[in-house]
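Input: structures, listed below.
Next come two complexes built around chain A: one with chain B, the other with chain C.
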Partner chain A sequence: MSTILVVAEHRQNALRPVSFELISAAHGLKKSSDDKVLVAVIGSQSEAYVEALSVNGVDEVVVLKSSVSDFDPDIFEAALSALIESKKPSVVLLPHSVDSMGYAATLASKLRCGFSTDVFIAEYQGDELVATRGGYNQKVNVEVDFPSKSCVLMTIRAGAFKPLEGKASPVVSNFDLPAVQSRSQNKEFIELGGGNDIDITTAEFIMSIGRGVGEETNVEQFRELAETAGATLCCSRPIADAGWLPKSRQVGQSGKTVGACKLYVAMGVSGSIQHMAGMKHVPTIVAVNTDPAASIFTIAKYGIVADIFDIEEELNNQLST
Partner chain B sequence: MKILVAVKQVAALDEDFEIRADKKDVEEDFLLYDLNEWDDFSLEEAMKIKESTDTEVEVVVVSVGPDRVDESLRKCLAKGADRAIRVWDDAIEGSDSIVISRILAEVAKKEMPDMVFAGVQSSDQAFSATGISTAAYLNWPHAAVVADLQYKLGSSSAMIRRELEGGMLQEVEINCPAVLTIQLGINKPRYASLRGIKQAAAKPIEEVALSDIGLSAADVGAGSSMSRVRRMYIPAKGRAQMIEGTIAEQATKLIQIINEFKGA
Partner chain C sequence: MKMLKSKADLVSKAIKKADIYCAAAVYEIANTNERNDLECLMFSKRRDALSLARWEHTPASVLQALSENVLRNSDIANVDSAILTRIEKNPNTPSLALSQHYKSEKYKKQKLSFIALVAEHQNTPLQILESIARFENDIEGLKSLSRNISANASVLTILVSRIPNIFDKNVAAHPSASANLLELIYARGNAYTRAAIIGHKNCPLCLVESAEQNGDLPLLMLRQLAKDERLSKNTLIKLSSNIDSVVRYGIACNLATPKAVLSSLSHDSSAAVRRAIASRFDLTITSIIVLMKDKDVWVRQWLARNLRVPKKLLEQLAQDKHADVRRAVARNPRCPIVVLDLLAQDESAWVRSAVAYQKKTPRRLMQLLAGDTNIDVLSGVANNHHTPQKILQKLALSAEEDIRRGVIINLNATRKTMLPLLEDSYYLHRLMLIKKPQLNQKDIWRLCDDPDFQVRFMAFRHIAHKLLVNSAQE
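So, the complex of A and B:
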């Protein structure tokens, strides 16, 4: 019998949806019906999440009561070190999230366990646990394994696993946190307002520019093109970071998810995981990119391998006649 | 006072790349090397601290890698870093991010900086692990994805803003010295000036061997790593239907798609 440990993620009194994807990933790693999926939840109100976590695929919810309500790298690391020591799981799954980026690697180096991040396929090939992640800006897939490691910790890409349906009645247990001195204190959460700009999450037709536009002076012609075509102009992160378009126009993990969008034309966007997080659900994605191997083509419905400036010029010609 | 900035030379793929015969990596001829994008921001953050005080501050960049990495370190020196350190031994080949972080931590123990900065991730492999894991070997406070930093050199704490998902920030007070991984957009990285480039050419790059930092070949390489590459492959083409033809034909088809959407 082996144990698969999932660490649930929550923020500001709400579970983050990726927690349920991890449960699904863990369920898929069960080798026999004796194997158990444990979900650990850490926080000052951790018991409040038990009900929501009582879903299919979960055998036991372990409640760890800490002194603070939200994520703290020192507390999470100490709590999980102790829990892993005690439960001896064969696999530990964390989301590949900003919180996990703050402690997954320190935990792995202290435990000296197998470790991989941003994994989107996790499976046994024979007896061997194999994880697949992206490499070289997502242009290749990389299969990794963990020779002679009895425990493997992985961070799992959001959206890679589909949550299981249905509720269940898992065992609920408590686990005492070791004493730990936290070296950072959470002061406050700050929601970035959109200012006076439009709300891109309601836009149905978006034209999005990426680093392919090259220079700030080139942005204007795409603004005009978007207007002529009737699209809302959005962008990838480097364009917003450079201040060429307001931050409120940024699509992606740390920007907006364009939930209402039906048509998304990506111009000179490579298709990083973080950008795709905000738009990969759009039913019709058209990508224009000079690089035929750009990863945006893996999620686009239509692909055009071309220079965005040539396409822009030609679109203008044809739209004005 | 000193800030240590860990940097990486990353590889981008040439358009028509090929996978190596042993399937463990891409054929080296197809790799184009450059300084990791995130490192421009962490170096700039260190430079800003240096330039905001009268106290003498040394900005030291460190990288683990072979000779070719000197080019990226020179770029950092040209932007104003005072010193550059490069650690290499052939035994390091095949190391994962945890091993690299251990090497970086040993350099930090020798250098005794007031802060260690690294990028959130590297643009090629995107592990998001090396910087933070360095903190484990130093046993220092650490925070990832820092999008704002308020810090006076030498003070016992700093105010940071972590950039969370969905455009949310978290303000955190963290004890120092600390290891911070720096996020894109935290500042506006400078370009190297001609003068900077000239000066950089004259600055030495210190070459550090494993024995200089108390490590041996047995501590590094694939054997000491937490994972091993089994196979690298090009993912099956997605569902994208490629629009071929002349530019004019491609544009016509795109307009057709737009019109279909509008008609729907």
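So, the complex of A and C:
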């Protein structure tokens, strides 16, 4: 029997959706019905998340009560170090997030675990655990194995696993945190970019506009269209630099990577290397551009050589009738 | 690196660096002997040749040389079609290279599908496009041709006359399709093709008139027809009460629509129609007053951006409970300073950001906004030409790259303000600095040894261009 440990992540008193994706990934790694999926949740109000975490695929929720409500790398590292020593899991799954980046590598090194980041496939090939991640700026997929490692720690890419459906009644246990001196202090939570704006890294359907939009007033047309279509409006760098959309909506090397996106409609985006760095992994890319030689077509699943305003008008017609 | 004065010095420096990108940057200013050396450096390794053939910045002269090099150094059985295909796909490829590919017998025998690439390239000369339309039989190649915006009416006419129907749909949407050609296609087209022709800027009047008189016009065509400014007043009035909201939307956008009809459309049940009315530049005051109270936020947003809205009413819209409406007021070029004063202290950062980007915002407000902590507001301050130089100098050292980029974009930023940015950690910023007129050649020269190949290329190319201009003036 082996144990797979999942570390749930929460921010601003809400569980992050990636926590449920990790549970799904852990469930997929069960080799027999005896294997157990444990979900650890750390925080001053950690018991408040137990009900939400009681979902299919979870065998036990472990509550670790800390003195601080927010993420703290020192506390997380110490808590998980003690928990891993105690429960001896074969696999530990963490979200590939800014929080995990603060302590995952140190934890893996300290416990001499196998380690891989930004994993989007985790599976057993025979008896061997294999993690797949991107390499060379996502140009190739790299398979990583962990010979002779009894415990492997992986950070999992958001959006790579579909959460399981249905509720369950897992065992709930408590685990005492070791005493630890934190070296950091939370002063204020600031959402980067547009303040109250949404987090585009979690958006599944994105409509993105580029230079082809021409003028600022035209941006409004696409904002309207995105709103009607239920898409999150994003943009390439020149649009955000002109102040036409908030910086938090910018996709690419200077902006954000749209990790959870499943459908990306690029309107008038030429497809610079910098922009594509933030979205080329998206499984379904639809590109609209008047220039058939635009680079965006090299990565698009569906390409439309047309005026973006004609397509915008037609989509509006279709959606409004 | 020591500052260079002559073209020969620069070319020699590029050769010494043994860097293909620096070599490509100076190729245009090199003499024949130097070009041989540069070609040897750039093309001797196939991997380098492949990279240059595809790279978006490779100069036309280098692509021409590479194309000739491949055709010259290969026999019929062994032509390097991978390099040639990349050259054909590169938007910088000059017309001469494309003509040579089309005419090259040894290449043609290797790869028939290359015709599609030549046929769709926007630099392909008209005579080659005409030749493809007249003689080629590859349907994919001809489809590419029918979409090529460089094809003129004559090429399109040859194509649809030789092979009817197959390309009609593309030609009906082609901006160069003539009225005669559209009339020909209309006669044999289906409703989709006909709708595209009715919406075409070159659609002949006779087709519009005939559609106007057709009481049983398919909806697709009616929607296009509603936007035509040549429609009679009676038709415009009739269509303004059509059951289909997209038809009414077309009338709301139509510049020929009478004012009385526009007034009645201000009360239309469809928000899309009212939004179209709110964005018109010929709005009447009666319509403005009606639309100010509209429940739809987008209607009020379009109104707030509208240059026809009097300043007094903009002041009212600046009090709207919806932040997007207030932002739209701040982005209106006619927004009064007194309103900008108010909006500079708005609770929404996105509204304050609009004030920071507004060209009219005075210096004193820029000083106030410079104390903001929001990245969008500070990026606006960094962009705005009214921002005092001292503030720009501070923002040039910001930890946020978006804010530093705002300073680079600012046309008013001085050389002194920009100098620290030559050391910026983000390569794109160094790249953007190369074209800034505020910086001199000595400053740009510092980037010739940059660790990023694109920055090196652009720096060498910039200096090469300056030397070329200087020698032409001498």
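Basically, the second predicted complex is superposed on the first by the 195 of 321 C-alpha atoms of A that agree within 3 Å, B and C clash if a C-alpha of one lies under 4 Å from a C-alpha of the other, contacts with A are read in each partner's own complex, and residues count from 1 in each chain.
Here, contacts are C-beta pairs under 8 Å (C-beta built on N, C-alpha and C of every residue); 3 or more make two chains touch, one makes a residue touch a chain.
From a predicted model like this one, the values you see are computed outputs, not experimental measurements.
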Which superposed partner A:Ser254 touches (first chain B, second chain C, both, neither): both
First (chain B), second (chain C), both or neither touched by A:Val265: first
Touched partner set for A:Ser19, first chain B, second chain C, both or neither: neither
Touched partner set for A:Thr217, first chain B, second chain C, both or neither: second
Touching partner for A:Ser236 - first (chain B), second (chain C), both, neither: neither
Touched partner set for A:Ser116, first chain B, second chain C, both or neither: first
Which superposed partner A:Ala104 touches (first chain B, second chain C, both, neither): first
First, second, both or neither for A:Ala293, with chain B first and chain C second: both
Touching partner for A:Val305 - first (chain B), second (chain C), both, neither: both
Overlapping contact positions on chain A, where the chain C interface meets the chain B interface: 190, 192, 240-242, 247, 253-254, 291-293, 305-306, 317
Contact set on chain A toward chain B in their complex: 11, 16, 70, 73-74, 96-99, 101-106, 108-110, 112-118, 130-131, 134-137, 139-147, 149, 155, 183-192, 204-205, 229-231, 237-238, 240-242, 247, 253-257, 262-263, 265, 273, 284, 286-287, 291-293, 297-306, 310-311, 314-315, 317-319
Of all residues in chain C, those that touch chain A in their complex: 56, 89-91, 120-122, 144, 147, 149, 173, 223, 244-246, 270, 272, 275, 279, 298, 301-302, 305, 328, 331, 348-350, 353-354, 356-357, 373-376, 379-380, 383, 401-402, 405-406, 409, 426, 428
Complex contact set, residues of chain A against chain C: 190, 192-197, 216-217, 220, 224, 240-243, 246-248, 250, 253-254, 274, 290-293, 295, 305-306, 316-317, 320-321
Sites on chain B touched by chain A in the complex: 11-13, 15, 17, 19, 26, 96-98, 101-102, 120-121, 123-130, 132-133, 135-137, 141-145, 159, 161-175, 178, 181, 184-185, 188, 226-235, 237-243, 247-248, 250-255, 257-258, 261-262, 264
